[in-house]
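Below is a structure I'd like to ask you about.
Order as written gives the chain letters A, B and C; numbering starts at 1 within each chain.
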Amino acid sequence: MENKLVVSPSPHVHGGDSISKNMYGVLIALIPAFIVSLYAFGLGALIVTLTSVVACMFFEFAIQKYLIKGNKTLCDGSAALTGVLLAFNLPSNIPLWIVIIGALVAIGVGKMSFGGLGNNILNPALVGRVFLLISFPVQMTTWPIADAANRFTTMDVETGATPLSLIKFGAADQVNVWDAITGMISGSMGEISVIALLLGLCYMLWKKIITWHIPVSIFAGVVVLSLLTGLNPLVQLATGGLMLGAIFMATDYVTSPMSHKGMLIYGFMIGAITIIIRKFGAYPEGVSFAILLMNAATPLINTYCKPKRFGEVKKNG
Amino acid sequence: MNLILIAVLLLGAVGAIGAVILFLVAQKFKVYEDPRIGQVEEVLPAANCGGCGFPGCKGFAEACVKADSLEGLLCPVGGADVMGKVATILGREAVAAAPMIAVVRCNGTCENRPRLNNYDGATSCAVASALYGGETGCSFGCHGLGDCVKVCPFDAIHINPETQLPEVDEDKCTACGACVKACPKLIIELRKKGPKSRRVYVSCVNKDKGAIAKKACNVSCIGCSKCMKACPFEAITISNNLAYIDYNKCKLCRKCVDVCPTHAIQELNFPPKKKEEPVVETKEN
Amino acid sequence: MLKTFRIGGVHPPENKLSAGKRIEVIGLPKQVAIPLSQNLGAPSVACVAKGDEVKVGTLIAKAGGFVSSNIHSSVAGKVAKIDEILDASGYRRPAVFIDVNEEEVWEESIDRSETLIKDCPLSSEEIIKKVAEAGIVGLGGATFPTQVKLSPPPGSKAEMLLINAVECEPYLTSDHELMMEKTEEILVGISILMKAIKVDKAIIGIENNKPDAIKLMTDRCRQYTGISVQPLKVQYPQGGEKQLIDAVMGRQVPSGALPIAVGAVVQNVGTAYAVYEAVQKNKPLIERVVTVTGKSVVKPSNYLARLGTPISMLIDAAGGLPADTGKVISGGPMMGKALTSIEVPVTKGCSGVLIMPTLEAQRQKMQNCIRCAKCVNVCPMGLEPYLLMSVGEREIWDRSEKERVMDCIECGCCSFTCPSNRPLLDYIRISKSKVGAIIRSRK
């Protein structure tokens, strides 16, 4: 018998893009930041990251096996990415059981309770991170100093204040912008080196994983609001979780707007809210909250910001 | 003590003011509604299936209250029981209607109807039928992609994995007609359920000429009109090479079933005839 | 910077396997089946009966309405029957079957010489009438009757004629080859079209992946007043009428309007050639260039085939159906139609036959939408395919209409690019037909 022809609607070719390609692309883009954090914080960074990734993937697997039916998304890299991003938002000396709780909240509450990949409203890694920040404020804000002496131990590391807490508590003169750019400061694992994170941004732009709109508009929001409130924009850009947030967290596909106009508004508002929290809020750092707030506003932005329709550019030719 | 007092008074005042505002607004914007609408809605099954032709049970209740007689108004889900109750509430006479059921008029199983190509698009009959005729030589038959299954509010229709055809669960089907509307091929029809669920129907909607239809599917109706001649009640008509049995005229004598050369006419829920089983088997072989 | 359209677009692998292969003439089959519905709009009405003798070029079906076209016999022979034939979509449609005679007799009015006739003394109305009589339709694939497009609605004035020689679909090379071999004829055809719509300017849009065609056309068009060539950046779907106007003229046709609203009339380059033959040589549209191609095809080629020839004959000429065939497509891979059988006849709209191996033919498994916005970025009409799909799936037609589903040109960029392999266009197409019906029922 002649083999049966396949019939399907057009188009009959596909670009070959896939979810896992994008997710693994982001993971590759995170490698430079990971290397810097290994150099700065040593073994602790490795252990926390591994724990977080394994925990996230385990919870994803377990929930999809026993609770939620649907496509299995264990191997597409999205759970691993959540794990890495969660770890990058934690100090490297954090007790591992806290990491596991964070992973459970990130995957279980942040992602799966909404129906899994693609349905969540908030960035899962940030949900996990903020949950931990509120539940375990002491552990979450005891930052190890980036120092060669700490590299091979996970306990009893020397700790120090982050540049942002220095600014918050009136010691702004101790902040060295150059250290912040290279990454030799205290802070969460992934956020310390501006250069490494920008490398990741370049990679993602080159691979067309993300567009420039969100990161650039976040930077713009930060610069504008810092100038208005009398802060040094360069310090604000280089310190805290801003780079990590702007490049990797705010650009999360699922929770960011769909149109370019929407992306610009979303990004600018994240930048603005971050500075407002840093300047007037109780916390020294506000990127996580700013992103979560704007995540929640994304459906609204999507409703009102439509892409530029064909034929609307020039009315009179 | 003072503090508590202030708190109680303050909250009490806020509550009282709010209550007054709410009361005034409710008075001002009050809409009169016939209380019987609520009563009728109460006895309806609240499935909001739309089978009655109105938007949900509330819409149907309104229509019942407004109408002068209940003729033509039927809740297919509740059936005569519910309509009887509605009639008592409204003080009108119930109009009896025969119970109906959804019938899938295609028997093009994988054996009967060889597949000529493979469909590889979105799992939706609507998409597939907009694209092309179907996987088989019969461009009238069932796609088997389950649009009827998706719309059924009562979980009463399912695709049989062996035949790739939908099957109606007689106990669950309420003849709401959702599947009838969903089927892009117009295969599903609401027919009289019949005494003891006994039904005779033409399980084919192919309008091609006999030879083409027969080539595409073993059990297609070829429009030979033998059944029409055999029927003592003039219940069968042939148009566009296709036989149709009028369920209001059919007396379930099953003469058409016996004469149909392609076994396109199906009988359901009849006690088995004594000699029929072996005869059918030899014919199929 | 090369010109292109401004919103969206993708660049699929070009795979122009049959580029540079000279057009070969396909022999006549024993019997041709000429479907009566070969154009967009109303089907034609047969005007011959069983047993009638027909010559090549004899009118066999008349236009069945305003938006419809004449159909002529592509062979000399005897009408065997007027019956139904399976069309490309597996439905039965009426067709005229003609048994081919050994001896080929042409209608006497047709000039079969190769000589180029440059001068056209006819007036605009006479040209349009001749085009209508010859049964010419848009040969790019849309098959919209050409005479309708040449008669702009009252009150509108054309400024410019755009010739679509973009051929942005991967694999296809029929227009490219036609330009290389029939350059002068095409340019005369364009002059005739300019006269028909009373404009003095015509621009031929060609994508930059055909440098030889750009060079040749640029050289030759100097002898014709008002015709110029515009090279364009390779970007799909540049061959879409609205995209081409945007790319060449920098004007965007408003939603729901015709190209004439911005003063443009767009014709395919193949149509220009057919117009030349019809007006200067009295030859109706009875044959067309068809690309037969595919990665495992032995001899990807461009063929000149009579309408009604079974596609299987073309495939045999190109080396037969490969063993690993999974899908046979009439047209290009982005907008073509998958065939249920290779016995369907060549029609006016069939620009190519693409044979895809099984491995490429299967779609990947669909996954959840991750809202990556890639479909929004590539949509050339500035729509939101993800949203249109989800409202289409839920059958919320008024929302679909509000989100401008009717603007969709069905180019397939969204489905092509979706990392979750979602069948976006499948659902948008359904929504379009449902919403279209709702809009029509309102009138």
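Everything that follows uses one rule, which is that a contact is a pair of C-beta atoms (placed from the backbone, for glycine too) under 8 Å apart; a residue touches a chain by one contact, two chains touch by 3 or more.
Since the model is a prediction, treat every value here as computed from it, not as a measurement.
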item: Touching chain B and also chain C, the following chains; value: A
item: Middle chain, criterion being Cα centroid separation; value: C
item: Farthest-lying chain, centroid of Cα atoms versus that of chain B; value: A
item: A-C compared against A-B, more contacting pairs; value: A-C
item: Gap in Å, rounded to a whole number, between the CA centres of chain C and chain B; value: 42
item: Gap in Å, rounded to a whole number, between the CA centres of chain C and chain A; value: 48
item: Whole-Å gap between the CA centroids of chain A and chain B; value: 50
item: Residues of chain C whose C-beta touches two or more other chains; value: 90, 338, 340-341, 361-363, 423, 426, 429
item: In chain B, residues with contacts to at least two other chains; value: 116-117, 120-122, 127, 131-132
item: For chain A, residues that touch 2 or more chains besides their own; value: 5-9
item: Of chain C, residues touching chain B in the complex; value: 86, 88-92, 338, 340-341, 361-363, 366, 423, 426-427, 429-430, 433
item: Interface residues, chain C side, partner chain A - complex; value: 6-7, 10, 12-13, 90, 170, 242, 246, 251-255, 257, 262-263, 325-329, 331, 333-342, 354, 356, 358, 360-365, 367-374, 376-377, 379-384, 386-387, 404, 407, 410, 412, 415-421, 423, 425-426, 429
item: Touch list for chain A against partner chain C, complex; value: 3, 5-15, 17-19, 21-22, 70-71, 73, 76, 78, 116-119, 211, 253-259, 263, 306-315, 317
item: Chain B residues touching chain C - in the complex, by the definition given at the top; value: 116-117, 120-122, 124, 126-127, 130-134, 139, 208, 212
item: Touching residues (chain side chain B, partner chain A) in the complex; value: 115-122, 127, 131-132, 135
